[in-house]
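Comments concern the structure below.
In this document, chain identifiers A, B, C, D, E and F correspond to the written order of the chains, with residue numbering beginning at 1 in each.
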Amino acid sequence: MFPNKRVQGMIGRKVHVEMKGERIALEGVLRSVDDYLNLHLSAANELHAGEKKRLLGSVVVRGNNVVLINPLKE
Amino acid sequence: MFPNKRVQGMIGRKVHVEMKGERIALEGVLRSVDDYLNLHLSAANELHAGEKKRLLGSVVVRGNNVVLINPLKE
Amino acid sequence: MFPNKRVQGMIGRKVHVEMKGERIALEGVLRSVDDYLNLHLSAANELHAGEKKRLLGSVVVRGNNVVLINPLKE
Amino acid sequence: MFPNKRVQGMIGRKVHVEMKGERIALEGVLRSVDDYLNLHLSAANELHAGEKKRLLGSVVVRGNNVVLINPLKE
Amino acid sequence: MFPNKRVQGMIGRKVHVEMKGERIALEGVLRSVDDYLNLHLSAANELHAGEKKRLLGSVVVRGNNVVLINPLKE
Amino acid sequence: MFPNKRVQGMIGRKVHVEMKGERIALEGVLRSVDDYLNLHLSAANELHAGEKKRLLGSVVVRGNNVVLINPLKE
């Protein structure tokens, strides 16, 4: 299963997304993903140093700035 | 709804855009967006640490340097 | 009007360009732009912290390292 | 053998992946890779300064943020 | 004249190239350039803070990491 | 000779590769290169501040994170 299919399989689940830049991470429910790994998350929170810092709600994330994605256990 | 369609649905609304680099954020009215997530914002402000720092007015933003976009409640 | 058309409409005008990296900004007259937002500026100055620092003259800027472009009032 | 074929030849093996950004490295079993060098790793660990810091488990890594990949001896 | 044509017009001339990252600049004779602004320079020097730091000789530069290019007066 | 052809001409030779990020450089024998300047190096060493720091052995390098490549005299 190719990496992008693996991400498509996470739709509807809560995911952890590490972004490029100063250690931003996001957690939210994956609503959609395209071939560039652009992501649409709902109920997203921004985390710094592992702590929830800010509620973003609905957010679109640019794929090239995604470092890694992993599904969260619920 | 794919992530880029989600952004198209924000046209005419005020959006918050986090840029790559030293924690720049922009807020402005989304005028247009293309498939690369290049954005045209009007009445845009640059924010640092959540505070309005500078009025930019009309601004074009390069999509690959966009980290995330979310709509602002008005 | 798509974002790249918006930039084409700035040809012949003085523009402010924020670059990726350590807060470099450029100001100059936009001579040409392509679909990648590669820019050709003439009479360009490099600015640091809003102050003119260095005259570059004619300069080509790689589009993916452009963070934002806005027209300057003259 | 082209570089991407070289990475395909590491499928099923434990690999070390250096990511762009603040010195993140990952180690895990390479499950799949595509032409962009997007990677799917299982049993992945995040390393800082060469020490295991956090178990990530199953993780998808965006290819453009991969600096280098090398196979680990087992 | 499109930006990449402008760079092609610098072939055979000494150019100044600012790279992404920690303020690296290069100066050398532009030997070739392609549509991605990948550059081949000969007799290249690496500069830090405007001072020649290291002779590189013949060097290939990846276009996406080029911030700007300008011709040097000789 | 286009820049990528110039790199193909270095196959079988020892090369110095500067990577994006915190001043990582690699030296190794160039085994293969593709049009994205993805590289396969063998007998590669990681250098920090010009000193050999770590033997990597066989390593694949993502082209977009390559800043520059130059051949080493042997």
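Throughout what follows, contacts are C-beta pairs under 8 Å (C-beta built on N, C-alpha and C of every residue); 3 or more make two chains touch, one makes a residue touch a chain.
Keep in mind that what you see is a predicted model, and the values were worked out from it rather than measured.
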{"item": "Those chains which touch chain E and also touch chain D", "value": "F"}
{"item": "From chain B, the most remote chain by mean C-alpha position", "value": "F"}
{"item": "Gap in Å, rounded to a whole number, between the CA centres of chain C and chain A", "value": "32"}
{"item": "Gap in Å, rounded to a whole number, between the CA centres of chain C and chain B", "value": "18"}
{"item": "Chain B residues counted as touching two or more neighbouring chains", "value": "20-22, 64"}
{"item": "Graph class of chain-chain contacts, one of line, ring, star, complete, other", "value": "ring"}
{"item": "Complete ring sequence of chains beginning with chain B, oriented so that chain C follows", "value": "B, C, E, F, D, A"}
{"item": "Complex contact set, residues of chain B against chain A", "value": "1-4, 6-7, 18, 20-23, 37, 63-64, 66-71"}
{"item": "Residues of chain C touching chain E in the complex", "value": "19-22, 24, 26, 31-34, 38-40, 44, 56-62, 64-65"}
